[in-house]
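The first chain written gets the first letter, and so on, giving A, B and C; residue counts start at 1 in each chain.
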Amino acid sequence: MPEVKTEEMLLNMGPQHPSTHGVFRVVIRTDGEMVLESESHIGYLHRCFEKVAENNNYLQVVPYTDRMDYLCAMANNLGYAQTVEKLMKLQVPERAEYIRVIVTELNRIASHLMAFGTYGMDLGAMTPFLYAFRDREMLLKIFEKLCGQRLNYSYIRVGGVTFDMTDEILADIERFCEYFEPDILKEYNDLLSYNGIFISRAANVGVLPVDLAISYGVTGPSLRGSGVARDLRKDEPSSIYDRFDFDVMVGSGEMGTVGDCWDRYMVRVREMTESVKIVRQAIRDIPSGPFCDKKAFRGVKPPKGEVYHKIEGARGEVGFYLVSDGTVKPYRVKARGPSFCNISVLDALTSKGDCMVADMVAIIGSLDIVMGEVDR
Amino acid sequence: MGLESAQIHQIVKEKFADSVLEEAADAVDPFIVVKPGVIEDLAYFCRDDTRLEFDLLSCISGVDYPERNVIEVIYCLDSTPNKHWLIVKVVLPRDNPRVRTVENVWRTADWHERETYDLLGVTFEGHHNLIRILCAEDWVGYPLRRDYVMPETYRGIRNVVY
Amino acid sequence: MSGLLLAQTPPTVGELANQWNTNPHQGGLYLESALYQLVDAMGSSLTLPPWLVVAATLLVVCLLVFGFINVFGLFVVWLERKASAHIQCRYGPMEVGPHGVLQTIADGIKLTSKEDIVPRLADRPLFVLAPIIVFAGVLVRFVPLPFGQELVASDMDLGLFFVAAVGSVEVIGVILAGWSSNNKWSLFATMRTATQMVSYEIPLGLAFVSVIVCAGTFSLQEIIAQQEGWFWNWFILKNPFLLLMAPIYLVASLAECKRAPFDLPEAESELVSGFHTEYSGMRFAIFFLAEYAAMYLVSAIAVVLFFGGWWTGIPLIDGIGMGADASAGAAVTGFVIKAAVMVSKAVFLVFVQIWVRWTLPRVRLDQMMFICWKVLTPIALVCLVGATLWHLASGGGGLFGIPALLGLDG
């Protein structure tokens, strides 16, 4: 009896797609529902950040860094500011350091809330998305009170922060922490994380082995989901992160295999608890004093040289390679977005042959990419 | 715990003595400059040597220096187990920048090298799929070079000149 | 109706009216028989051929059912938006009408005024035909469905069998929709849908059969009539295997309606909109309406089979208007109560479907197949055998037949 022959289909998960988290194109070769091979195409959101940075002075570059990873803009600002300060050997006031830590961690919570919500929505559970945004709204209100912006802050600049954090805002943040942890996180876990259908969609799907992950440059929660306890806040702490006591969340294969989508997702949910811990400690210890280096705010002119600095953003290692030629404009700013490396691992994961089209959506969602920092 | 930069440079110089052209030990971020031909072997060495164990390639940057007539390609290496880092530079002639690829050492170099090729025109020999990644595939020119001029039109779409 | 078709000489309108009058349980819309009687009373002043009267009456009945579906569609879309909104900590439509009750009308007007787009490379005849087939498949299944005592379009002897059989026509419509769209993603969704709908008809059918075994009849009116009395006469409490079968039926009906967690066919985050991606305007509205009509249908069938139909389960209320000596007012009250009970029970089950949709994530294709073939079908088969044996052993009394067995039946 002749073998039944099926035809392969070439599908285009186009730049516009409800679940590719931005303009991201994947060309999939499928045999029915099983994916045989996929090829990623990026560059649809390339806005020439690096070229623009060469034509603007150091202060004018700050808003462009916001728009790279627009969901965790504070981390981008922080990375850039610390890179320039490293080259200038500039010491930032204590209060500014504490404020920076507070806003970066709050932004990390906001970013993970978004990742949590959209991941649920990708897998069909529409309600957690709304709950996540209800809580994210509180954070965005705090940011609006602080610096006037809800998404792209340009708040952390070379030399400090733009506005001081008043006691009212500190009280708001404390109220948010009281509200958020542990009750809300427990609600999220009950609703989505330990739901049987969600576990069957996310566990044992998209297993990322450690050596493959590191070879592909994956960092952040995606790497920690595979069991590697690498967190730049602990391994190479910049500013005052070494003063805070927090744990590094690592995936352990609780529901399936180590490094599956569920692990990556759960690392993010648990990291929110740790961020709240850091924020509480920072609020407790924040000193009074100046919040910026006024001379740096008037103009920045680093000496000639080059430096590479990296911090832990919400999605992984945000790195800036800065080349300065002694003028007011940077000679070259190379931005390393974590999602650029994280998404490159998708083709390797899907070519193993045990991935379905529905699983691709789960994998892309669990890698938590933002196309702004993939394409810059 | 990790080694200091000076010690890492020493280990590299032991193995590749005549290929290390320059060592900037007192810069803000110490780096070494090596000959382009040796980069692939150096990459394997950095990844596999038990004292170094640079398993994570953070990023590959290209910098264009038209006055010096060179393009520098900078590899920022990181080590997850040892928590130390290394910056390796390769200086290439600007009119024909070619260097061996390291994508077989670190898989992430695949996309980083494609980006450097796309934006600066550096050809990575041995790369399995060196096509543009950020710009459109039929784009002409290397945008990040200092003397780049935006084309007048692209496929009939006119460029807006401010 | 069979008399109409098989009789040697066509009956007069008077004979038709009498036929329905004498046998109320032998089906027929109250309205239908009233119409016949009206025409009969007008008698010789109108020499209408009987077939015209019958055809006109059937048309009126059809339009009434269609009207019910439309009105119900208006209501349930509002219900879904409000229920989903409140589950998600928000309000839902509040602008159009008090608490947004007129929102669906506004949406309907918007949909009818949209441009009718048919993709240039789509197969036009099939593209136009597909929503019609889907809607027809659902509409026809409303024929034997009772809305209250003696409020049924046509009480067929094989009512339940008819519902199960004609339901498969919907699958053809869905396949046509996905295929004729000339869109790979729609095709993907269509393949998933066809698989899903055809597979889940098995547990659904087995649920039907186990109730048929216990009731001894296919007719929906008869099945409800057997659940008269206290609420433990409802089929769900007459037989422990039917108690197990009811959740299986409800899960299978979720899958048949393509509702979450089985909404792969219209998985919004994977396939944009599934098999009806390319449809816009009124054609999309037809698919939409068909989906909500199907939701009502399966809920109503569940109510009929398991939850007592129009009986409230309290004989005091059920007895209003029953009996030969009831007054006209009481009869009308009883009639209205029964219709209200039937529809509200079905609407409650529809609300449960909406509730489940907005709580659970979506299952994957292979997991859905696993649930159908390796979980639901074996359990359904066991329940079928068990229900039969229990029914034979216990004689079909209420509360699992235990009081009857113990001789406690008064």
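Annotations
As a working rule, contacts are C-beta pairs under 8 Å (C-beta built on N, C-alpha and C of every residue); 3 or more make two chains touch, one makes a residue touch a chain.
Owing to the predicted nature of the structure, the values given are computational and were not obtained by experimental measurement.
Taken chain by chain, the contacts run in an open path, each chain touching the next and the two ends left apart. Each chain's centre was taken as the mean of its CA atoms, and the one lying most distant from subunit A is C. Averaging C-alpha coordinates per chain places the centre of subunit B 67 Å away from that of subunit C.
Here the spacing of subunit A and subunit C, counted between their Cα centres, is 48 Å.
Subunit A and subunit B, compared by their mean Cα positions, are separated by 25 Å.
Touching subunit A in their complex are the following residues of subunit B: 27-29, 31, 55-59, 61-64, 74, 76, 80, 83, 85, 87, 106-108, 110-111, 119, 132-136, 143-144, 146. On the side of subunit C, the complex with subunit A involves touching residues 84, 87-90, 184-185, 188, 191-192, 260-261, 263-264, 267-270, 272, 358-367.
On the subunit A side of its complex with subunit B, the touching residues are 42-43, 46, 48, 50-51, 54, 86-87, 89, 212, 214-217, 219, 228, 230, 235-236, 305-308, 310, 317, 319, 321, 323, 331-332, 334, 336, 340-341, 344, 348, 375-376. Note for the complex: subunit A touches subunit C at residues 9, 11-12, 17-19, 32-33, 120-127, 130-131, 134, 191-192, 195, 197-198, 200-201, 356-359, 361.
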